[in-house]
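There are two complexes below, and they share subunit A, which is joined by subunit B in the first and by subunit C in the second.
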Partner chain A sequence: MLHSILTLVASLVGVVLAPVYDGLERKLRAAIHTRIGPPVLQTWYDLVKLFSKELVIPEGGTWCVLTLALEITALVASIALLNYIPLVTIPGVVGVEVAAFIALLTVATALTMVRAVAQNNVYSVVGGFREFTLALSSEPFLVFSYLALVAGGERPVFRISSLLILTICAYVLSSRIPYDIAEAEPELSAGVNIELAGPLLGVATMSTVLRRFLAAELTALALVSTAGFWSYQALVLSLALTPAVWVVHALVSILLGRTRVDVGPRTLLLTLFPLSVVTITIYGLGL
Partner chain B sequence: MTESVSKLIEELKRLGGRVEEVKDREVYLVVGRDNLRSLAKALYSTGAYLKTCAGVDERQVQGVLSIYYIFGLDELGVDVVLRVPVTEDDAKIPTIVLEVPAADWCELEARDMVGVEITGRPVRRLVLPEDWPEGIHPLRKDFDYSARPPRRFRSELPEEVGVPLGPYHPALHEPEYFELYVDGEKVVDVVYRGFHVHRGIEKLAESPRFTYKQIPFLAERICGICGFVHSSCYVMAVERAAGIEVPERAEFIRSIVLEVERLHSHLLWLGVAAHLLGYDVGFMHAWRIREHVMVLAEYLTGSRKTYGINIIGGVRRDLNVDKLDRILKTLAKVREEFVKLVEVMLSVPQIKLRASGTGILSRSEARALSVVGPVARASGLYRDIRKDYPYFAYREVSFKVPLYTEGDNLARVLVRVEEVLESIEIIKQLVDKLPGGPVAVESWDVPPYRRAVAAIEAPRGEDVHFIITGVGKPYRWRVRAPTYQNIPALRAMLRGASLADAPLTIASIDPCFSCTDRLVVYDLRTGSRRVLRIAGGVSACPL
Partner chain C sequence: MDLAKALKAIRRSIWVYHLNSGSCNACDIEVLDALTPYFDVERFGIKLVGSPRHADVVLFTGPVTRESLPKVVRALKAMPRPRLLLVLGSCGVGGGIWWDTYATIGGFSKLEEILREQGVEVDRVVYVPGCPVRPEAIIYGILVLLGLAEQKVREVEVHAPGG
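Let's look at the complex of A and B:
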């Protein structure tokens, strides 16, 4: 019961703080651009405004609304499970919670693609396929590295190698430059989000922000667990470390340009596949 | 006139051309339509570029309709103008597109605007809108500027409404319309349709409300970025036609302001290119540096843009010691910050990777299409009007013309980057050598029916103005902006390219379309109209 309450509180704090972190990112971006930038709470202001607008259902409406609702539910549930896992599991054991977390994470990505195709807009469809390509080239490695960290036991080199893979994949999960190709404003005019407006766009925006939170917290938790922390300590430390990881993610995205749809996935595969082979070898060597 | 030019004229005479007028920089020949293709071919094979062609209604003065084909011999610094007259009853001229592919658009424009039929090629409307009535040609002298012909509405909505903006939005916030036909993410073909907001500026200049003195201010409004180029080119055309000797100091001031304009234009473009590649840090800092130039422009001319200092015979504003000092200080700051920015920008992996090897325009294609400016120079064509046809004070300064042979987007970036640095050096030299004296002639007169071609190296390439003088205002004023010459090259640059590279490739010619884009469809059944925006949405608005 206590675990459930703690998970609920931590998840709620995450959901509330995620748009604030996004506001911080915008402020940081503006500072590097030599602009003043919006207030830190601007993302919340945007969301409130979007939710106050009339509901406009795009073409392909029912599917679009349904997938959007399921997508954000999957993301919130993923965050909750991520918080819950260190409280109720023992390091080195892959339980049903871990399997559920992986399943929800995968489902959230799949739903983004379904939403994109459901909108019946060529930009959105192209964006959906881009999302699919990126997911194919990073999510299997994300799952692999997460499982490796959860079940890998006391092998420091192996853990660090897995952590490296997870860090890269989590960044890709955050849909930031250079991997924002599914939305890529100058190329696809918002791509997967092109037909969305008002509350639906608000949900999609929240979904992006939560995805970024998830990516940051996942990386933070991986760091904390690699450092040897688990249970309550791990939860508290990972939540404290999440904004720092978010800032690092933001800095990387600010300093890079957008990748191309064929180059990005290829680069990921060429990086992640050899890294995974090395990681498995390290495991085999018992390091 | 050099020996080479004399030989060329003899050759053109042998092919059927008749010399009408020979000037220092221009040779005018009359050509019968039967000989046009052979003359065009001969000129093109000697290395001439087609600058543009212009349909002219000369019925009031010569009883004919004419098309003027303006060829530039860059190496000799001479323009050869072929005039092909035809009678109104038999207004047909054979196409030269097979010999000179660059004539594609200007032939169609002459057909639309003056009503000379072009034979031997497929024709379509280029400039006139769909609903413009048949048989009405706006640049004929008997068509009054204020006339508004009845629109030819369709009784049913056109089928194009179904796919109004093509399968792809190339993201430039101007009224361009590209249909990119894609196979997966690979572009297999490109169709461009432009002139959505054709403003009829050439016709406007013929209206009673305009005189020679007022047109510089109209010309400056042709472009929202490099308007000073157009006013300079216009005044140069009039001054050449009328034989007006402009004071040297005025020529220096014009050159300084032209280079200031190039600086802000290239910085603007660099920022846009960075934005298209998702590198907004580059975008913001390029525009921050540009702001120094904009403030300088305001200090020198009174305006950040649309300077309004060009008048026929000189300029309206002089430069004093304070201004010269401010120029040098600003340039030092801009140079320092720009060098740092470029160093950082080109070290961003995505910028270099995505610009290299994409949007390639080969030298032969660039030559065939007579492309201009940085697009030509990035494809290995040594073309720069400032060197080839020195004007104003450019003959007094030394500078390098950046040249690359790769023909890709990166080459076009690098050409512009180097041009920024060259412009800074040019301005420094001009400031250093600025002569004394007046900045405008006291009086001038423009005799009627004189002709002149003027060209200026705009930031986007060669800007051409052709003028036939009239009484109190031009009889015919033809404007050919550089983008007009470069857009047809996009087809070659985009075919086979990745869809993701299309925005940068389109932007790499630094296109200058026009202002607000919208395509209005009238529905006669409901009396409403729909505005189709380029971003793909359809919004309803009241009439």
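Let's look at the complex of A and C:
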């Protein structure tokens, strides 16, 4: 019972704070550009505005609304599970919670693709296929590294190597430059989100923000668990570390430029595949 | 719809969509200028978006060429209510130097009639004249459109002496 309440509180704090962290990122970007930038609560203002606008159901409406609703539910549920896992599991054991977390994460990505194709707009379909390419080139490695960290045991070099893979994949999961190709606003006219308006766009925006929160918290939790913390300590420390990881993600995205659309996935494969081979070899060597 | 209530929510988060209906591109360069870090419009919550579905305000330039007319109507139709328009430049306002050529319909005043016929309601329009418009005038126009700044220009009736 206590675990469930703690999970609920932690997840709620995450959902409320995620748009604030996004506002901080925009403020940071502005500071680097030497301008004032928007208020820290700007992302919340955007969301409130979007929910107050007219509801326009795009072509392929039922599918679109359904997938959007399922996608946000899957994301909130995966944040809740991520908070729940250190409280109820023993390090080194892959339980049903870990499997459910991986399943929900994959489902959320798959739903983005379904939503994109359901919209019946060529830009959104292109965005959907880009999402698919990115998912193919990063999600298997994300699952591999996460499982390696959960079940890897006391192998310091193996853990650090897995952590490196997870850090890269979490950045990709956060859909920032140059891995925002699915909805690259200036280049693909909003891609997967092109037909969404008002409250529907509000849900899609919230889903992007939550994905960023999930990516930051996942990295924070991986760091904390590699440092030897678990249970309550891990939860509290990872929540405290999440804004710091968010800031690092933001800094990387500000410093990186937009690349040609195929360069992102290709570079990912060329980096993650050899890294995974090295990690497996390290495991084989028992390091 | 309650426009005052709708405007209240938009005032803190203004997403603009740039719609060029066949301008000479000088006004468009000024629009881009207004969106550069130099003017930092993000401090007012202003953000450029790539789809009319996301737009709160349309930055409208050009005298509406015949070629662009159907696309312009479609883009405005795609916007969710409230539909707010900032009509920019002499061309947008009244056709400019192309007001009576065969290739244009002659600016927003003519487009307004067509939109009415097609049942596309526009909730509020603010005109920003100039050839091209100044970036400061664009920002000021947005603030007037949303009721954040007072309109300085008033309509004045002028009678000829003795008339």
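One rule holds for everything that comes next: the second predicted complex is superposed on the first by the 287 of 287 C-alpha atoms of A that agree within 3 Å, B and C clash if a C-alpha of one lies under 4 Å from a C-alpha of the other, contacts with A are read in each partner's own complex, and residues count from 1 in each chain.
The rule is short, and it goes like this: contacts are C-beta pairs under 8 Å (C-beta built on N, C-alpha and C of every residue); 3 or more make two chains touch, one makes a residue touch a chain.
It should be emphasised that the depicted structure is a prediction, and the values quoted were computed from it without experimental measurement.
Colleague: Does subunit B (first) or subunit C (second) touch A:V126, or do both, or does neither?
Modeller: A:V126: touches subunit B, not subunit C.
Colleague: Quick one: is A:R35 in contact with subunit B, with subunit C, with both, or with neither? Answer first, second, both or neither.
Modeller: In the superposition, A:R35 touches subunit B and subunit C alike.
Colleague: Given the touch rule stated above, what does A:E54 touch, subunit B (first), subunit C (second), both, or neither?
Modeller: second
Colleague: Tell me which partner A:S78 touches in the superposition: subunit B (first), subunit C (second), both or neither.
Modeller: Neither partner.
Colleague: Tell me which partner A:I194 touches in the superposition: subunit B (first), subunit C (second), both or neither.
Modeller: So A:I194 meets both subunit B and subunit C here.
Colleague: For A:P178, decide between first (touching subunit B), second (touching subunit C), both and neither.
Modeller: first
Colleague: Pick one for A:V261: touches subunit B only (first), subunit C only (second), both, or neither.
Modeller: first
Colleague: Can you list the residues of subunit A that meet both subunit B and subunit C?
Modeller: In subunit A, positions 33-35, 185-186, 188-189, 194 sit in both the subunit B and subunit C interfaces.
Colleague: Spell out the residues on subunit A that touch subunit C in their complex, using ranges where they run on.
Modeller: 26, 30, 33-39, 42, 45-46, 48-50, 52-56, 58, 185-186, 188-190, 193-198, 201
Colleague: So in the complex, the part of subunit A that touches subunit B is made up of which residues?
Modeller: Residue positions touching the partner: 29, 32-35, 121-123, 126, 177-178, 180-181, 184-189, 194, 254-263.
Colleague: Within their complex, state which residues of subunit B touch subunit A.
Modeller: 167-169, 171, 185, 274-282, 284-285, 288, 348-351, 353-354, 498-503, 535-536
Colleague: Which positions of subunit C touch subunit A when the two form their complex?
Modeller: Residues 1, 5-6, 9-10, 12-13, 15, 37, 40, 42-43, 45, 47, 49-51, 53-54, 56, 78-82 of subunit C touch subunit A in their complex.
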